[in-house]
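What follows is a pair of complexes built around chain A, which joins chain B in one and chain C in the other.
Let's turn to the complex of A and B:
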């Protein structure tokens, strides 16, 4: 191999590596689960009905306390069958909304999935090693700390804002499930 | 000297991003946005409804100049009923009150097969067309069911209307002004990332030079420092 050919190969290899590195971040953005597939997984044996919950001032206050930013929706639609409900909510991670699906059976989370991820960083939250932490979690209400999950969710270094988005949405959903029963 | 002051000021500002609300303040200056290469996609679809303008630009849905949803693939139409103003995307509805307040983005999964192809009205009933079927909403606009008694021609379907030039300019301004926060600009100025790829390298170089100067300065002072002479007697 001539010296020139060796240089050419080395340059090509570096370009390929750089291209792969650049694409690895953008490659994590996208649709991970279609809404229809999410609903089929949530309700494998039944046809859910659509229902809505109106967000009055008291509910809004609690939701804003959980998410730490204003909530502008007046109502939220969800799917229900028996004691199982499925919710799809958007929450901003850093800059872009993450679409998160949560299924609640009774008062506990049965499934949580990242359906669409639009951020450049923090995509690790879609993996089961993270989302499994939410399974069977319930809501606690303490006078000092307000509404929260009954367990600690471990953070992921470099994905703190995405972790916060999932934690916030799971708390909102559990809160709304309780409210929908009152 | 000027450079050090610049680094110090941006550094102090970065330490107080939240206190100063710099994460929520957006840059509108055209030359800064041009520098970042922020481009504005063309309006993909636009409808006039209930005295408002609904427009889709680059997956962002605008209601007049307010962004009401993101991640919208296609804007299919918009209609106004006595209860809501309804903007239809291919897979969801965005509901607004007649006074322009956001109600919700309502997913249509499980309610109809296929994607929405048209939205219209028969009297006060909101109607959707999907996969050659027509669906009608209930009174509260919560559920849709197949409308067997409604013919396609009976429906007043929503039709596209072009954005007037003055409104278009405002919309593009709003679109462009929603990407770069003051915080982002400060971070990029402080790190040098704003000044092409050489910027961070230059900042690194300045950092190393400052460290070297400080160490050299200390040694020079140490070598030349006045020494106490012990008294001769």
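Let's turn to the complex of A and C:
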């Protein structure tokens, strides 16, 4: 067999293999948890009620300071049962929205999950080795630095914007939980 | 008459009652009208709120304007980054001084989601501000690939993609690294930004382990002349590229421990010159890096090395090319960060053999907009080169991404 023929066969075999892979699989990279599953995990023993918090100018100002971009939502829906609330928010990482679910018990984060991840890179933020950093975190208000988490969240190289999105959403949720009690 | 007088109050009373009854009916009507107006306004508020929540679902999108801009009636998104540099470098030979200002990169991303399974991503770049014959810059397509998701963990990318090697090749937005200029290893040894045409599998797992395996076009390195065996000059950029001989790249990356990111890449070039019988037979690249972050402190370290085989490349003493850098940094607060970087490059020719030290700071006006300053010192290994080209100086830059 000549070198040319060997290359042709190798290339053909690789193409057939790739074609087979593409056609045999039908996954949806990015949808990691449906809303129903998230709520069942958040409220295993109770049926939550849907509630709404209106975003007035004062709240919007704080939210925009946290996210460092304009916020236009007029109100935000969430689920509540006892002292536990669950929130699902979309925030853009690099250029596509990441759907993030946050559960707060009292004033601390009990669970944070990436429900849908649509970016090409930065998927690491969905894994427990990253999201575990948020567990039991609470909000602090420092006069000089404004609203923030009570701890440092370690960055992941190549996923900085996704990390920022999760950090921003967790701060927004903790802030709104406090506001919902006033 | 007396009777008439007696009936008068009664008549007045009846008349008054009629007026009062009429007024009461009028008030009731007004209240009903107002209630209807309140109901209508309530409905309008509800409808507006539903609209602003987009989809009226339980998911609230926090940056609606950004989404509307990116949507353009479909699933198409736009992003980008750019950087401008001012270099003021004093060489040993003053004729080799560098005093220039350059809008080094202006980049636009275009992405499109065909559906939940298939998406497209691209990166279009104008380098050095002005492109064309005799001009300093170039217009380049650095990425243009279709990704098909095979499962939650595995996808395949086909088209023109950046290779999974090094730290900045895939993530080269200038707000993500310190220093006005990129590090020199990932220029001379790993020729970032380095893209090829072909296909690659990408996978990840909940343990934090991810992998890439790609089959793609190869280098076309010179084997003669002043740029002989320089890897960077061998990039074909998928522009009518010679595709007689292909290459394979595989990478393993682990990010499963908080604050740690380690990765290793192995690449095989079946013929780095894409020309048989020229004394450059094949090449293997090994790259490994680690990034450790603890609070505001970060340490980056990278090593990359080539081993080429062939009589001519060995005779030219360019068969082994390598380099490393170490970069500690400290993010003082949300706005300020400082760093230092030591590099050692041992490339193909005297221009690619040097040690460099760089230190500086970054001011983040916004997480995606940064101003940079650094001072740099480079010492070449080859004495004749060092006598004229060793330099000291400073650089100022501005960079953004969105």
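Just so it is clear, the second predicted complex is superposed on the first by the 153 of 182 C-alpha atoms of A that agree within 3 Å, B and C clash if a C-alpha of one lies under 4 Å from a C-alpha of the other, contacts with A are read in each partner's own complex, and residues count from 1 in each chain.
In this section, contacts are C-beta pairs under 8 Å (C-beta built on N, C-alpha and C of every residue); 3 or more make two chains touch, one makes a residue touch a chain.
Note that the coordinates shown come from a computational prediction; the quantities given were computed from them, not determined experimentally.
Novice: Superpose on chain A as described above, then tell me if chain B and chain C fit or clash.
Specialist: Once both complexes are aligned on chain A, chain B and chain C clash.
Novice: Looking only at chain A, is it chain B or chain C that touches more of its residues?
Specialist: Between chain B and chain C, the winner on chain A residue contacts is C.
Novice: Of the two partner chains, chain B (first) and chain C (second), which one does A:76 touch, if any: first, second, both, or neither?
Specialist: Touch status of A:76: both partners.
Novice: Answer with first, second, both or neither: which of chain B and chain C does A:118 touch in the superposed model?
Specialist: both
Novice: Go through the superposed model and pick first if A:158 touches only chain B, second if only chain C, both, or neither.
Specialist: A:158: touches chain C, not chain B.
Novice: Of the partners chain B and chain C, which touch A:99 in the superposed model: first, second, both, neither?
Specialist: both
Novice: Touch check for A:91: first (chain B), second (chain C), both, or neither?
Specialist: second
Novice: Going by the contact rule set out at the top, does A:65 touch chain B (first), chain C (second), both, or neither?
Specialist: neither
Novice: After the superposition on A, what does A:36 contact: first (chain B), second (chain C), both or neither?
Specialist: The first partner, chain B, only.
Novice: After the superposition on A, what does A:49 contact: first (chain B), second (chain C), both or neither?
Specialist: After superposition on chain A, A:49 lies in contact with chain B alone.
Novice: In the superposed model, where does chain B crash into chain C, at 79-87, 151-159 or 223-231?
Specialist: 79-87
Novice: Which chain A residues are contacted by chain C in one complex and by chain B in the other?
Specialist: Common interface on chain A, chain B vs chain C: 35, 50, 72-77, 79, 88, 90, 96-97, 99, 118.
Novice: What residues of chain A sit close enough to touch chain C in their complex?
Specialist: 14, 18, 21-22, 25-32, 35, 50, 63, 67-79, 88-92, 94-97, 99, 118, 120-121, 123-124, 127-130, 132-133, 145, 152, 154-158, 160-161, 164, 168-169, 172
Novice: Across the complex, what residues on chain B touch chain A?
Specialist: The touching residues are 70-71, 91, 95, 97, 101-107, 109-111, 140, 142-143.
Novice: Taking the touch rule as given, give the residues of chain A at its contact with chain B in the complex, in rising order.
Specialist: 35-36, 38-39, 47-52, 72-77, 79, 88, 90, 96-97, 99, 116, 118
Novice: For chain C, which residues count as touching chain A in their complex?
Specialist: Touching chain A from chain C are residues 48-49, 52-53, 58-67, 70, 77-79, 109, 111, 113, 116-117, 119, 121, 147-156, 158, 167, 170-171, 176, 199, 201, 204, 206, 208, 210, 215, 255-259, 261, 291, 293-296, 334, 366-368.
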